[in-house]
Every structure is written in structure tokens, then in C-alpha cells.
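Okay, here's the structure, questions in a sec.
By letter and in written order, the chains are A, B and C; residue numbering begins at 1 in each of them.
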Amino acid sequence: MIIALLTDFGNRDWFVGVMKGVISQINPNVRIIDITHEISPQNVREAGFVLWNAYKYFPPKTIFVSVVDPGVGSERKIIAVETDKYIFVAPDNGLLDFVLSEVEVLRSVYVENKNYFLEKVSSTFHGRDIFAPVSAYISRGVDISELGNEFKIEKSKKMFVEILSEGSYRGEVIYIDRFGNLITNLRTFGEIEGEVKFKETTINKISKTYSDVEVSNVVALIDSSGLIEIGIRNGNAREFFKANLGDEVFIWVKSINAR
Amino acid sequence: MIIALLTDFGNRDWFVGVMKGVISQINPNVRIIDITHEISPQNVREAGFVLWNAYKYFPPKTIFVSVVDPGVGSERKIIAVETDKYIFVAPDNGLLDFVLSEVEVLRSVYVENKNYFLEKVSSTFHGRDIFAPVSAYISRGVDISELGNEFKIEKSKKMFVEILSEGSYRGEVIYIDRFGNLITNLRTFGEIEGEVKFKETTINKISKTYSDVEVSNVVALIDSSGLIEIGIRNGNAREFFKANLGDEVFIWVKSINAR
Amino acid sequence: MIIALLTDFGNRDWFVGVMKGVISQINPNVRIIDITHEISPQNVREAGFVLWNAYKYFPPKTIFVSVVDPGVGSERKIIAVETDKYIFVAPDNGLLDFVLSEVEVLRSVYVENKNYFLEKVSSTFHGRDIFAPVSAYISRGVDISELGNEFKIEKSKKMFVEILSEGSYRGEVIYIDRFGNLITNLRTFGEIEGEVKFKETTINKISKTYSDVEVSNVVALIDSSGLIEIGIRNGNAREFFKANLGDEVFIWVKSINAR
């Protein structure tokens, strides 16, 4: 059984270590895998996007615990969502929107049963006092119906701009990775020929991989999650373009072959 | 059995990975949990404070190995301290002061028995050559009396300014977390009404959580470890106040209810 | 069984977490240890040096998976190398040169058998699609001869300047650690008396450890891997010297005693 952790707690303070301590007290045998703890502070959308990129590569029954939680201590609720393969625990703040846009939800509940919390719950560190123990109890076999009342979760709005046919599309940069690659919300399930335009630059080919272009050249490709990505071979596109999240990206699709 | 690691080795070099390799050679079954490796280089006090925030959330019998060790290779000693619940291994440089201020020590010994070190001990990397193997042997059941001579450890001086009654107190910023929250050494076990003054700003309420104030407003609250903390809702108090470790913080307590 | 991971993927994105998810799907019982994921982007030589410092401290049979891979998706090959103690999987780009300079290779193969890859292999994320599943299958007992054709790997050129006798040697800074210590490619297996010259500074003693000199003083010593290192006690030599990788370092050896 695996608990996968995703937070904005960083790796500098004691927050993540303490969550693991709490989990280990309740279930000494569960395996804990870090997805990341370096989500930009309180950036719920970034957390949701990272989770979406990661979750499908984990074994069935993995429990995903995501804590990016600007509303901690307020009236915001915590939710647990069971799909055919996984369980997700997160604040009820939209963090799960990307995932919910493509999974089939079996049940969703509010996490409210204090029997599964630490005895003393602080107002500022629910990662330690609620998320960690609740996920540990789930990993021990507690059914999520024990955690609180069931509710019907809303299927999320469209999270991506889907490229389904020829034509032009407008998307935006939704993530910039450590290499400075610009990942957009333009998604395709096929192979594409066409042109990408970003700022003043037109990239007149969709490549397969970075090394399809010369070193230091701009490259557009379909990334490993099916999203249009702009990079620079052996370079940093974020710096080169002075790019930011939200920057517009255009694609003109001349032909598309569904895979 | 868990070994919890706390160092200033960072996550960039090979230092932590190597410690885990050594531990795994000696005890392949022990679980290793990172508290953090991003303590500011050679900042012993910061390490001690982080350890204090973390240790009590770990399962009984956890072995805490803390390596922030500016005196490595000199005559400074390494100590192992057994309490009713845990074992702590650290350089004898004050790192354990915060923890020792509140635990009951059963035994303390100097770590000197070379049988539990790597065969070849370098002068600069005792994390690998001493701390890792010693902790792995302890996790295999070696009694700390095997490690070296017993000695009587000094109960530490007061590490916090305790708020026990109405009145005014002067403390200081002792830690700044990744969100830029300013954590002080003003500690309370109760609920407090009063005012906090930091630099030119008076905060005339002790809140329960960040969301008790409007976004971007300054908030004072009792943090999840019982310490007075100054933050900015969805913002960064370190940047806002240009705050530093050691900055003075005043609190005027009008009423206090012990919990 | 241990899989040790070394990449330039960083700890911010989902790349490492996803690799661990994939590994756990194929072998839920393998232990995963991170050496580091903070190799400078696409710096193959740095990755090789870090791996060299780390590998010999891991238990026999450890599988080392190193992914610093500027040529991902191109015609570059992936190799698996078996030595008397370990298995190494890496791109065929020189990453293993440091290790190969001192191990005895039993067999080396190209990693080509798609049966051990993820079903769908992207052009940009072989860490997830090839390296992770291949290493997981090896950890389950798949012989590397199953992975692809055997080939004869070249013993690498000299990676270090070996100090074997009196005289003067010229080396360079090959790594700068998180403390700002400057690690050179000047290697010795003995104890040395002599002088080190770096930029305008002459250090007229080889110390045993940092605390052999006063706080803030420059120190030259033999590091825990046998390499000449320049540091500043409780300070940062990188900043003090404005040092860079590749900077020249000279040593004049007056006497040497083999250990």
C-alpha cells in the first residue's frame, strides 16, 4: 500500500517529515512516496496539474494526499474521493479539478470524523493533524464512508484545450518545469503537423523530441503527457522568452492523425 | 524501526544518499525518514529547533540522527541520548538543547566505540563514517551502552519565553519557515487575548488561523507547536517586514486561559 | 534489493515521483533511495562524479539508475553494466566514465527490449518510460542479457590526476558542494605534506579537517573521497574565491606516505 504525498510545504522545514512520522505511527508498513513538496506556496492550480501528470503512473489503491491549503483552519472542507483505482484526499478548493476531469468517481465524502484525526487539532497544520492520520487509517483499511458524509462531487469544467481536428487553437502556458520548458494546456491524443506561435516566434514544425533541432534552438513538441510544450534544446525557454504562466500560445494544425 | 535524519547536507550533493547506503548495508530493513537536510549550513540552533518541532510526532523507538557539525574532525564528541521514548544521536554541540529542555533522559553516552564505525573514518564526513553506521547498529538492537562511556548530560537552560500569566513579554524571531512566517520563542499552552508588536506594527488580536484576517493582512497567532507566530495571509511576512532571525517581538497579554 | 536514483529532474516537478510510481507498480517490494535529483540540468560529468562518490557505500546488488540525458529521444543508446557488485543503468553518454575507471565490468548490454519498457514510450521522458520499468524488472531478477545485445564497453580514460610521488601537479576544480567547498581532481591514497596554490592564495599546509585552521581561514585538505579540497572553515570558499568549475589548482608535494 502506498501513500503518495504532494504539498507546498517545501523540503526545508519539518512539515513533511512530521507528516511521515504521524503516518508511520498509525501504519508502520505503508510505503510513502513523495510526488513533490515544492509546489509554489498556496498555488492550488499548480498542485492540481502536477497531481494530474503523476497519478496514473502509480499502482492501484494508491492513496494520494495533496495539501496545498490556503484556507487551512477556515470553514473550507476536506474531501476524500474514491475512483475505480485510487483514493484522493485534498482540501475542497479545486485542487482535484484536473484529475476529476478524467476519472470516474465512485464515491466522495467530507472528511469530518475526528476519530481519525490527531487528538489535538491545530488551526494551522492540518497536514499533520488531519491529512496524515486520515490517510494512514485509509491505508489500514478504513473505508472512506467512515470519514464523513457522502456528497456528490461536481465533474469539473474542461481543464484543457483539446486539439481534435485541423484549425487554429489558442492556449496558454500552465506550467514551467525545472528545465524551463513551457507546458501549455493545448492537448492532443494524435500526431500533429502544424505551426506554433509564441510571442514573436513562429515554430514551423512539431518535433518528436528536443534533439530534433540543433542545440540552442527553439523546439515545439508534444510532451510526455500529450500537451504542447515549448523548449530550447539544452537551454532554458523560460529565460529565453522571459515567459510566465498564463502567456498565450497559438497553434495552427494542418493535419492530425489520431493514435 | 525508523531512523529519522536531520542534516545541513542539502539535497544537491551525494552526502545524504551515501548515509542511506551505509545504513542499508548494516540494516536493510530499517525505514529511513528525512526530517530535512536543508538546515542552513552549520546552523546548530536552527537544527535543534527543527528537531524539537518534529520529534514528538514519530513512533516510539525512533532513532533521530542529527548531523549539523561545524566541529567535525576536531575534539568535539558525539553523543547518544536515550529517553523514555526515543534515541538521539548528535554532535555534542548544543544541537539537542531544545529537545533536552523537555524530555526525561534515561542515559547518555559518548559515541566512541570504533567497532560500530566504518572501518576507515575520514576527518570530514562523520555523517557517513560514524553517524550512519552507529544509528544502523542501534536500529539492529545494539544497546547504547556499547557505544562508549556514560556521562551525565546537563539539562538545558530555558529555550523559550514562557507566557504563563497576564503581562508583557519580550521574545525574538527564532525561525522563518518557507512561507515566510516568523516563528518566535514566545510560548504558551493556553489561549491568549492580547496584542503583538513587531517593528512598527501592532497587531491587536491573537488569531486562530491565517484566514481569520483578510488576504494580505498581517496576522499573529499561536502556531501548531504553541509558539507565537507572525504571518501574512497568503503572503510572505519575511519579505514584508524585511525580517531577520533575532528580531525583537513584544506581546502584551490581557488574558490567558490554560488549555 | 535497492534501486538508487540519480537524475537532474529536480525535486519540484513530478518526474521523480512518477518514476517511483512506475517502479512500485512492477516491484512493490524494492527499496528506492535517492542519491540526488539536483544535478545541474544536463550536466553529465557532474552526474558521473556524484555517482562515483556515492556508489561504493551501497549494499551489493544495488541497481543504480542515472538519468541525465540531454540526448533523450535521439539515437543515443541506453546501457546496463554489471560489475562484480552492482548494476548500473544510464544513457550511453559518458555518465558512467568515473565509475568505469575503477570497477571491473562483467558484462554490458544495450537496453533495447521493449518488453521491459512501458507500453507507450514517449520521446521526452525515458526516465518514466524506460529507465524506471527496466530497473524495476532487474530488481525482480531479470538478467541484463534479456535487455539487449552485449557489447564491449571501453575502459575510460584517466578521470583523476593521481598524486603518487613528490613533485608538483596541476589539477582543476571539478565539483563545488553545497557548503562552497572546492573539490579538485587531484587524488591521493596517502598522507601528504606540501603546498596548494589556488588563484593568488598559497596554502602552505595540507590539513586533516576544517577545524585545523581558525574560523574563516582557508584550508586545504584531503576530502573523504581522497581528493584535494579547498574550503573555508565555517565559510564558503566558492564565494570567497569567486571560484568556478574548471579553475586551475596547483599542488607541490614535499612528502607522501602511502596509507
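Keep in mind that, in the parts below, a residue touches a chain if its C-beta (ideal position, glycine included) is under 8 Å from a C-beta of that chain, and two chains touch if they have at least 3 such contacts.
Fair warning: this is a prediction, and the values are worked out from it, not measured in the lab.
K.L.:
Is the contact between copies subunit A and subunit B built from the same residues on both sides or from different ones, judged by whether over half of the numbers are shared?
P.N.:
Interface between subunit A and subunit B is built from largely different residues.
K.L.:
Rotation angle for the CA superposition of subunit B on subunit C, to the nearest 5°?
P.N.:
120
K.L.:
Provide the C-alpha centroid distance between subunit A and subunit B, rounded to the nearest whole angstrom.
P.N.:
31
K.L.:
Residues of subunit A that contact two or more other chains, please.
P.N.:
Residues 11.
K.L.:
So in the complex, which bits of subunit C are touching subunit B?
P.N.:
So the residues of subunit C touching subunit B come out as 2, 4, 6, 11, 31, 33-38, 50-51, 53-54, 57-59, 62, 177-179, 208-212, 221, 223-224, 229, 234, 236.
K.L.:
Which of the residues in subunit C end up touching subunit A in this complex?
P.N.:
9-18, 20-22, 24-25, 28, 41-42, 70-74, 122-125, 128-129
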